[in-house]
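Order of writing sets the chain letters: A, B, C and D. Residues in each chain are counted from 1.
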Amino acid sequence: MIIVLKQDATEAQIEHILEKIREWGLTPSLSRGEERSIIGVIGNESILRVKPVDVFPGVDYTMNVVKPYKLANAAFHPARTVIELPALKGAPPVRIGGNDLVVMAGPCAVESREGLLEVAQCVKEAGATVLRAGAFKPRTSPYAFQGMGVKGLAILAEAREKYGLHIVSEVMDTRDVEMIAEMCDIIQIGARNMQNFNLLKVVGRCDKPVMIKRGLSSTIQELLMSAEYVMSQGNHRVILCERGIRTFEPMTRNTLDLSAVPVLNRESHLPVIVDPSHGTGHWDLVSPMACAAVAAGTDGVMVEVHPRPEEAFSDGSQSLLPEKFRLMMKQMRAIAGAVGKTM
Amino acid sequence: MIIVLKQDATEAQIEHILEKIREWGLTPSLSRGEERSIIGVIGNESILRVKPVDVFPGVDYTMNVVKPYKLANAAFHPARTVIELPALKGAPPVRIGGNDLVVMAGPCAVESREGLLEVAQCVKEAGATVLRAGAFKPRTSPYAFQGMGVKGLAILAEAREKYGLHIVSEVMDTRDVEMIAEMCDIIQIGARNMQNFNLLKVVGRCDKPVMIKRGLSSTIQELLMSAEYVMSQGNHRVILCERGIRTFEPMTRNTLDLSAVPVLNRESHLPVIVDPSHGTGHWDLVSPMACAAVAAGTDGVMVEVHPRPEEAFSDGSQSLLPEKFRLMMKQMRAIAGAVGKTM
Amino acid sequence: MIIVLKQDATEAQIEHILEKIREWGLTPSLSRGEERSIIGVIGNESILRVKPVDVFPGVDYTMNVVKPYKLANAAFHPARTVIELPALKGAPPVRIGGNDLVVMAGPCAVESREGLLEVAQCVKEAGATVLRAGAFKPRTSPYAFQGMGVKGLAILAEAREKYGLHIVSEVMDTRDVEMIAEMCDIIQIGARNMQNFNLLKVVGRCDKPVMIKRGLSSTIQELLMSAEYVMSQGNHRVILCERGIRTFEPMTRNTLDLSAVPVLNRESHLPVIVDPSHGTGHWDLVSPMACAAVAAGTDGVMVEVHPRPEEAFSDGSQSLLPEKFRLMMKQMRAIAGAVGKTM
Amino acid sequence: MIIVLKQDATEAQIEHILEKIREWGLTPSLSRGEERSIIGVIGNESILRVKPVDVFPGVDYTMNVVKPYKLANAAFHPARTVIELPALKGAPPVRIGGNDLVVMAGPCAVESREGLLEVAQCVKEAGATVLRAGAFKPRTSPYAFQGMGVKGLAILAEAREKYGLHIVSEVMDTRDVEMIAEMCDIIQIGARNMQNFNLLKVVGRCDKPVMIKRGLSSTIQELLMSAEYVMSQGNHRVILCERGIRTFEPMTRNTLDLSAVPVLNRESHLPVIVDPSHGTGHWDLVSPMACAAVAAGTDGVMVEVHPRPEEAFSDGSQSLLPEKFRLMMKQMRAIAGAVGKTM
C-alpha cells in the first residue's frame, strides 16, 4: 500500500503513522518528496486493507498496490482454467475455456414444454451445446411474468435428456441453490445478484460450474472479487460473463463492454463468455456483436433464440429467429478460424 | 403505449398490428404523419407491457405512457405516507415523513458491545432517534470482516433497550428476514440487494417498515419498482433511501444524486432518506451534503458515526467523529427551520 | 411529437394546447386513455421542436417521434456514402466506406521529422493507406506538450509526398481550419470538439472530408447531429469515429462502445471508423479490439504506432510497436475476409 | 510518482527503469514487496508526467502523487479568491467568493430587446446582481435557434446600463473573445467548450473574470485543469461552475453533482457557482436544488428565469416564472443565514 501524505502533514503525524504500521507487523518506507511525502508499506497488504489508514491525521489518501483477488488472479495461476462438462448422449464432452468456442443458446425463459423443446432442437441442430433458459426470472416489475419455477426446471431436464444439451439456468435465492444445482449443468448468477454475497457463498459450496454475470454497474475488479467469493468456498469452476454495463447511451439497452474480454483474459485464468442479447437489447445488433466478441477472444457466446419473438413472455425484442441464429453461427465459425479457435 | 412505425412500414404490417391490438382487447388509434406514423393504444396498458410489440414487423420502437408503479405512485395516493415507530422509554413516537426530520446514526457495523453502546449514547444525546449498524455486512471481498451476525443483533437489542433508540439494520438473505424483522424496527435492504426480488417479496410479507437503498446504478423508476415489489405483498410501510450512484467521478466514492429527493417527492408519497456517508465516502463531505439534503426536502438523514474511525472495521474514512456529528446536527436544525421542518 | 398529459389535466388546459397546436399550423389528435390522455401531433415536427410544449399547464412530458438528423439519416439516403481520396504516387485511390477496410496509423503527435518519416515508412509497408499524427494537440494540462503546430503540418506534407500516404490531422480552432484543410486529406474533429459547433460550421464549408470523433459522453444521436452540422453547410463527406466513451470502469482509459458500429450502420449512410488506441488506452488491448471492430462491421480502424513508445511525448502506453502493428494487420485481414471486406 | 512493477519484473528491467529515472535528474526509491515491488520517485514530478513510464518493460502501472493543478490549488494559495465586479449605478460592488452569495439570473438566450429588459427588471427587483443570457448559443441541432449574436450583446449592454446589472454571457469561438470581453463583466465558457483549450488560452489573456462550466463528463480534476489553462495565461480571476454531469438517470436532464461544491472548496481557492437549471432540466426541481447548493456551501447560484416559458426559444421547461424566482430567493436567503452567508 502507498500512503500519500498531506502537504502540511506534521512530523508528529508522520511518526504516529509509522509507529502504527510497525505495530501491525509491517515495514513502512518513507520517501520525502518536494511537495509531499509518501509511505510505502511492505509486507502482507491484506492486513492493511482492513485498516482505515486514510483517516489518520496527516494522510491525504491511500492506494492499494496488490490486487485483492488471489484465486482468480492469472499471476498466481498461469495455467488457464478449462471447465469440462460431461459427455451427453455420445457427444464429445463440452470444454469451456482453452481453444474451444462454446455457444449457449435458448429462450429468455421457459414458457411451455413444447416451446422449449422446439428451441432446444433448433439450437442443437445449429451447433449450440448448452441450452439457456430461465425458470426463475428476475423482473423489474412485480406484475411481470416471474418464471415457471420448479416446473420450468423439469422441462429443462427433459430437453437435456432428449437433445443431449447441457443446461444453464439462473438461481436467485439461497433456498433454491440445491435444487438448481441438481438439475442444471451450470448455475447462473444473474447480473442483479453479482454482489448477493450470501448467494455466492452458497453456490461456492456446490459441485457444479458457476457462471457469474457482470453487474450493470460493476467494475471488472468487482466481477473478479465475486468469482473470488465462490472460489474461496472451494468451488473453482467459475465462468465470467460480460453482458453489458449501464451508461448514458439510450440507443442500446446496455453498453456491451467487449474490452472486458482481453482485460479478463490478462487478469484472470477463468473462461469468459459474452452475452450480446442482454448487452445490446436488439436482435439486429446481436450477430455483429457476437462476431466481435469472438474476434476479441471470448471463450463463448450466450444468445437468446426464439422461434416466435412476437409471442415471447420477455426479451422478445432481443431474441434471434432460428434462421438468423444459424447465419450467425456460420459467421462466428469463420471468425473463430481466423483467431485460432474451434467451434 | 405509443407504437412508432418505421418509415417504410407497409399497409399489411400496419393492419397486422392493429388487428393484434384489438385481439388483446385494446383500442388502437392510428395517426399518419408526414414522415412516419404512430399508433396510440388506449386501455389497460399493463396488458401491452408483456407483449413484445417492438418486434412486430414495421415497428421501429415503442414508448410507455403510463407509469409502471401504482402503489408507490403519488398520483394515486395524494396523501403522503408517514411511518410511525412506537414510543420507546417515554420518548414521543418517531414519525418518518411529514414535517419531521429524522436522523439515523451509528457505526457502519456492530463491532463490539462496548463500542456500540458508546456510539448509541453519543448519537442519542446529540438528537438522533434511530440507531443504524450492520450485523450482516455485504463486503466486496470474501476476506473482509463479514459482520457479527446474530450476536450483533443481540447487542443492537440491548442498545435499543438501554437508550430508547429504534434500530435499523440490513438483511441480506431470505433465510434471515424473520429473525431481523423480530429484532429491528426498520429492515434495511442494501443497495446491492435493491433488485434481489425474492428478498423484496419476503420483506413485503413482514410487519415492519422497510427501508430500500437505491442501487448503485439504479434509476429512480427502478427504485420505485422495488418499493412496488414490497408493497405488492401487502407491506406499505416503505422508506426510500438515496445513497449515491456510480459515475465516472473518482474524487467521491459515489455521486450523491440529491435531485432524486425532489423527484421522489413529486413521483411518490413515500418518505425519503439521504445517506451522505456512503454517498460521498469522505467524512469531510458528509456534513455539507447532509445539510444540502435537508434543504432539498429530505425526510431524514442517515450517517455513520464512530468515536475512533482509526479503529473501525469498515468505512472508517466516511465516519464522523462525535463532535463533528453534534456540529452537523446543529447546522441541520437551522436549515430544517428554514424549510419548514422540525427535528 | 407525442404530448403526454398529466392525470389531472383539465379540459380547459387540453383545449388550450390543442388550440396552440392548430395555431402553429399542425394537426393535433387527442386520445383519451384510462389513466391519462395523449395528444399526437401530425405535420412538420421541426416546428414543434423549438416550442417548449412541456411547460404548458397540464402537460407531463413530450416525446419526439421523428429523428432530428436528416442529411445523415439512412432512411433518406439509402445509398451508403463512400468517400474516395485521390490516387497518390500510382497507388489506387483509397475508398472509405463500402467493402473496403481502411487503416489509418501513425504516432499520436508529430514529434520530429525523422521520427515521423520512420513511422510513415513502417505503416506504409504494413499496409496502412492513411497516416495519422497530430500537429495541434488537445492536452488536459497546459504544461504538457501542445504539438509542433505549423511545423508539424509541413513534416506531414513531406511524409505524404514521400510515401504516398493520405494525411488525417486534427483541427482545434476555427482560425486554423483553412491551413489544415489545405495540407491534409482528412480534417479530424477531436472528441473534445465534437460539440464545438462553430468549428463544425467552418469545416462544413471546406472541400475536404471531415472525420468527427465521438465525444467522451456523447450519445450516438449527438454524434449524428454533429455530422448534420457539417453536412448542413454543404460538406457531405463526413466520417464518423467511435473512440470510447466515459464510464465508471477504471481498467480501461475509456469504454470502447463497439455496438455503436452496427447502430451507426443502421441509422446512417456515413462510413464508420473505430479507434481502439484511445478507446482502450493500453497497447495490449488494441489488437483484440481492432479485430473485434472489423468483425462488428467497421469501415476502418485508426491506431497509434510508435517505434519507441518509451520516448513518445504523449500516449506512449497505447501505441503499438511496429512488429505488433504488422501482426495486427495480418489478423485483421483474416477477419475482414470472414465478414466480406477487403483490406 | 509511484511506479508499480509487475510481479515477474526482472532485475534487468528494474535496473533499466532506475537508470532512466536518474538520467532525468530524479531520485528513485525502490521498495521490494512480498508480491510486487514499487519505485517511488522523488523530485519534480512534472518531468515524469510527460514520460510514458508505464510502457517500460516490467512496469504494471503508475500513479501520480502530486496534483497537476498548481495555480488553482488551495494547498499553494491558502487565501480564498474573491472576485470583485465594479460598482454599477451606485450599488455596492458585487463580490463573488467569500461570505457573499451571488445570484445570476436571466433567460437562456437573448430573444428580443423588450423580453430581455423585462426579465432584467424582474431579476433585479428580486435581488439578483448579475444578468445571464446567451447571445451566442451552442445548440445540438444546426436547425435550432443559434442566438442573436452581436445584436444580442448590444441588448445586454443596454440592460446593464439601465438596471445596473453585471452581465455574464458565453463565448464559443476564439474569434469572438475580444468582442465579448469588451461588452460583458464575466465571460462564460460553456460546458461543451470546457476542454476547448485554444479558447481557454485566449480568455486567459483577457482582463475579465472567466466562469468555466464543468463539462458533461468532466471530472472535478479536469475542471480544475481547465481553470489552470486560463490562469497559466495570466488571468487568475476564474469562477468554477457545477451544472450537472451525464449519468444513466433519465428523470433529470443531467445529474447535478452537488458534492463537487465541498470538494472544490477543499481542493481549490476559486469561487464556485451552481446552475440548477441545466443541472436538472425541470423548473420544479430548480428551487430545491438551488437551496441545497446554498446549504452545501456554494458561492452563488445561476438560474434561468422567463416570464412566459411557453414562448421561450430554448430551455423553457427549465425556466422559473418570476414569482417562483422570488419565492426561491426568499428561501435561499433563509438558508444562507443558516450557513453564515449573506445575500
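Rule of thumb we're sticking to: contacts are C-beta pairs under 8 Å (C-beta built on N, C-alpha and C of every residue); 3 or more make two chains touch, one makes a residue touch a chain.
Note that the structure is a prediction, hence the values are computed from the model and not measured.
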Practice task
By the contact definition above, name the pair with the higher C-beta contact count: C-D or B-C.
Solution key: C-D
Completion exercise
Outermost chain relative to subunit B, judged by CA means, is C
Problem - Distance from the mean Cα position of subunit C to that of subunit B, given in whole angstrom - result: 39
Handout entry: Chain centre separation (subunit C, subunit D; CA means) in Å
Key = 27
Problem - Numbers and ranges of subunit C residues touching at least 2 other chains - result: 217, 246-248, 250
Handout entry: For the subunit C and subunit D complex, residues of the former touching the latter
Key = 46, 49-52, 54-56, 68, 138-146, 172-175, 192-193, 195-198, 201, 215-217, 222, 225, 228-229, 232-233, 246, 283, 309-310, 312-317, 319
Problem - Sites on subunit B touched by subunit C in the complex - result: 2, 4, 7-8, 29, 31-36, 38, 40, 42-45, 63, 65-66, 75, 246-248, 250
Fill in the blank from the handout: subunit B residues touching subunit D in their complex are 217, 219-221, 245, 247-252, 255-263, 266-267, 279-280, 284-285, 288-289, 291-297, 331, 334-335, 337-339
